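Taking it in order: structure first as structure tokens, then the write-up.
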Amino acid sequence: MQRFVNNPDDIVDETVRGFVRAHAELVRLDPGNPRVVVSTAAPVEGKVGVVTGGGSGHEPAFIGYTGRNMVDAVAVGELFSSPTAKSFHDAIEASNGGAGVVVLYGNYAGDNMNVKMAQKLAAKAGIEVLTVVANDDVSSAPKDEREKRRGVAGEIFMWKVGGAKAASGASLAEVRDTAQKAIDACRSVGVGLAPCTLPAVGRPNFAIEPGKMEVGIGHHGEPGVAVEDLKPANEIADEMVRIVLDDHDLPAGTRVAVLVSGLGATPRNELYVLYDRIAAQIEARGLVLAKSYVGDYFTSLEMVGATLTVMALDEELEALLEVETACPGF
Amino acid sequence: MQRFVNNPDDIVDETVRGFVRAHAELVRLDPGNPRVVVSTAAPVEGKVGVVTGGGSGHEPAFIGYTGRNMVDAVAVGELFSSPTAKSFHDAIEASNGGAGVVVLYGNYAGDNMNVKMAQKLAAKAGIEVLTVVANDDVSSAPKDEREKRRGVAGEIFMWKVGGAKAASGASLAEVRDTAQKAIDACRSVGVGLAPCTLPAVGRPNFAIEPGKMEVGIGHHGEPGVAVEDLKPANEIADEMVRIVLDDHDLPAGTRVAVLVSGLGATPRNELYVLYDRIAAQIEARGLVLAKSYVGDYFTSLEMVGATLTVMALDEELEALLEVETACPGF
Amino acid sequence: MATLRNAGSGAIVSEIAAVIVENRAYLSEIDGRIGDGDHGVNMAKGFSRAAERLAGRETSLAEALDALGQVLMSEIGGSMGPLYGMMFIETAEAIEDAETIDVAKFASMLRAGLAGVESVGAAKVGDKTMLDALVPAVETAEAAAAEGKDFPEALAATKQAAIDGRERTRDLVAKIGRASRLGERSKGVLDAGATSCSLIVGALADGIAARLDR
Amino acid sequence: MATLRNAGSGAIVSEIAAVIVENRAYLSEIDGRIGDGDHGVNMAKGFSRAAERLAGRETSLAEALDALGQVLMSEIGGSMGPLYGMMFIETAEAIEDAETIDVAKFASMLRAGLAGVESVGAAKVGDKTMLDALVPAVETAEAAAAEGKDFPEALAATKQAAIDGRERTRDLVAKIGRASRLGERSKGVLDAGATSCSLIVGALADGIAARLDR
């Protein structure tokens, strides 16, 4: 394993410590819980608190999106494993400005359970908590079972929109509704070319044969919808666009935001090669590219691969996406 | 080769096209030369033009540092290969605001020749050009032969400082002198854990045995100063700090800026693990961490590894580093 | 009629932890086939932490089970933190005040543990989860109690029921958790949680059997 | 005395290009040992581009060499763009007005090419660069001319001198270019540029030899 690690059990603590150290002007650790990262601006009196959280190994997600006009507090889990209910609860406490807290997270069994329990704890503490569960990953369930779909890179748009809405002084219900609208407007797909390794395990926890690719792969290597021969970048881009837009079917003229993220070990130039084709395909379908993000925004350790997220914009979503933010992730 | 590529010969064109498309608000292509990326703000009448350039495969370097208060125009070469004299010259032309142009580039045989020839062409066209050659890579030559050292990630600080100085309205000579001061204040080291592959070649162009690491590796896989057993992250961090600061020997109390960059396939969390230890070591030596950057800033295709750059700050350098910039690289 | 003394039997929990730690790689590998490959890592971390806390302390089975539950609950996260956390906390509560544990008590403590799991997760038998090992174990223990089977026999039957349940998950299509996205393709592989659960039930049964006094 | 007609001999350049393209992988591999592994890629790209431009066109050797030089110069970059670019441009210029090329002219055109290289790069013989193949070739050609050797003999000797020069780079320590950072560790490996240069000189000599009229 050619990696920079000490004791694999310490990776998450070391990552969070280094992260907070590097971005001290934007983030701090919760004094009571080293698995909770808090914006130096939080809590804001009278503002709806915005919380997320999830397993580690997806950096800059989740912690990287803590900051001004973004997420107020993040619960940090082990690699690929949901944070504890306690950490979600401490994040809720840390972001509470008295106007209630919205938890914007991804649809995974562990996260669902721990957020639910944290919500109960918060209720006891008199904090009203509403939740939005991201399920933008098209390949993880059929269209008629969207509630089963995983949350992936679309969460970044959900956080940016939700964070900006909360910053605008909106009410708890309004922030929840707008964040829900944001994730409902997102569709994502991932393609994996090489697996990732949990350092504590020591070998890849799934296989992708050389010459093959996993279409629809999950952020933890969950198998996709099909294992295919590795194709030229343009054909992969075409397939990603097809999967996302066939599920989305947007009327021509729709303004969209696009996010192309590497999964951790994909060189930046290849992301631009993919994006160049993706953008052309999206415009060829009569959609209008309002905003694009290309880089490592939501990764899976050192997996080789990329994800595409397309968000359909309305005036409100586009305006909120344009709001200036200050966080390590962008 | 598990990569996103079409025809390997097209990678650079596709990368630059996708890049300009994704960041159209910040950068544009030179109408006359698709291998020259220009800031949408350039040229600025009366401002010293700031140019850089180099081989591709280091994204976001070099093109990613084109923007406001940064580099005005970038000459783009093939993967790992210097741009043509013509491209350097076209970049000089594109950034020329009538106050002269400074070319801030790295110390490689090809770049030296092509910049020198571009300088001659520019002189014929009546544009005064001064150059600064980055040589911050400690491991690439002994201290008494600094002029032989390669330019690596320290160039990012050189560009940020030079770009801010030029934006301040300084003269050509002042911009050159300040950029020179910036790179003279930088020392860098790289450590490689796994090699990279030029898609046109199809297999790694150098080898790092599993369980080994190459200390002092270059941005193109040039062999380092020593091949050692792969150590725990903290020991690698200690060694990187030792190499950089032994060459730098800065008085206690010196304020420094630190940049830790992945080489392309290093997961973000491992960079924070490294940084956490690096920061502690730097502070243990009595230095003051004024500013830190952790991420993929200057890569080598999909090499696994990381670089450390330490820049000693004086009041001017720190102030210039603090100047707000708008470019895709940060 | 054989019984287990609650006091002084806390070591059973350390034995359960040891079994989980031994199977760390195996559990992650199973999880890797249709999940994300961290089940063994998560479980081993939580169980070994609890074992450390218990090390050298003279505890009752109830105290030890509660300590394990608390650690999983508040320090582990994942799906397993809350699921196994609630399971052990409820199991412990069921025998809190018991001097000794007999077959009937054993059955009721397992039933309480199952209730704990169900209070958090929404899974049902057949969904290809830990419940597919736990539910048959509970029902077998209850049947043994009803039939007045003796304790060693009941323990052996309960352990076997968990193992059989785990084996049946091989043919099940996952209906919940990460693997549920695979539909038919989740068939043919054991469920990680059912596997760890059968190990836990087995180690618990063995630990009790080894300590029965008659 | 055998001579080469300048007119119509442009095909020699296409033959040189073919040799470089054939050795693409080999040249990159050598460069990879102590450099960055792109020499073959850079060279093949430039030379094949020039060959495409020349394809089907009836050109003189001078025109073809100049076309090659211009492509390398303005489209290739790296070290090789300017170095080989200037070499071919100067070589072409030296025979621009020549009806025919004899041994003396051959020697002087190589000398002009060397001057072109030296006008860009600061390398000297022994620095482990293309010059270690080119300089002995030039000197051998000049000696042959002085001694009045006949053309075929001069061509063979020149080709061999370039090959011997390339072989000697194996024992040299790189003094310039990427490899120079390796010091002693650059020993034991051929220099990529010297290797491509000996291939070019060889292909040029063979191309001329095959077209001599007496």
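Going in written order, the chains are labelled A, B, C and D, and every chain counts its residues from 1.
Here is the rule we use: contacts are C-beta pairs under 8 Å (C-beta built on N, C-alpha and C of every residue); 3 or more make two chains touch, one makes a residue touch a chain.
None of these values were measured; they are calculated from a predicted model.
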item: Graph distance between chain A and chain D, where chains that touch are linked; value: 2
item: CA centroid of chain A to CA centroid of chain B, Å; value: 29
item: Separation of mean Cα positions, chain C and chain A [Å, integer]; value: 33
item: Distance between chain centroids, defined by C-alpha means - chain C, chain D (Å); value: 76
item: Contacts with 2+ other chains: residues of chain A; value: none
item: Touch-based graph of the chains, sorted into line, ring, star, complete or other; value: line
item: Which pairs of chains touch, using the document's own definition; value: A-B, A-C, B-D
item: Touching residues (chain side chain B, partner chain A) in the complex; value: 2-7, 11-12, 14-19, 21-23, 56-57, 59-60, 193-194, 208, 210, 213, 230, 232-234, 236, 264-277, 279, 292-294, 296, 299, 301-302, 304, 306
item: Residue numbers on chain C that touch chain A, as the complex places them; value: 25, 28-29, 31-38, 40-42, 45, 73-83, 120-121, 176-182, 185
item: Chain C-touching residues of chain A, taken from the complex the two chains share; value: 9, 55, 77-87, 108-110, 113-114, 116-117, 140-141, 148-150, 198, 200-201, 205-206, 218, 220-223
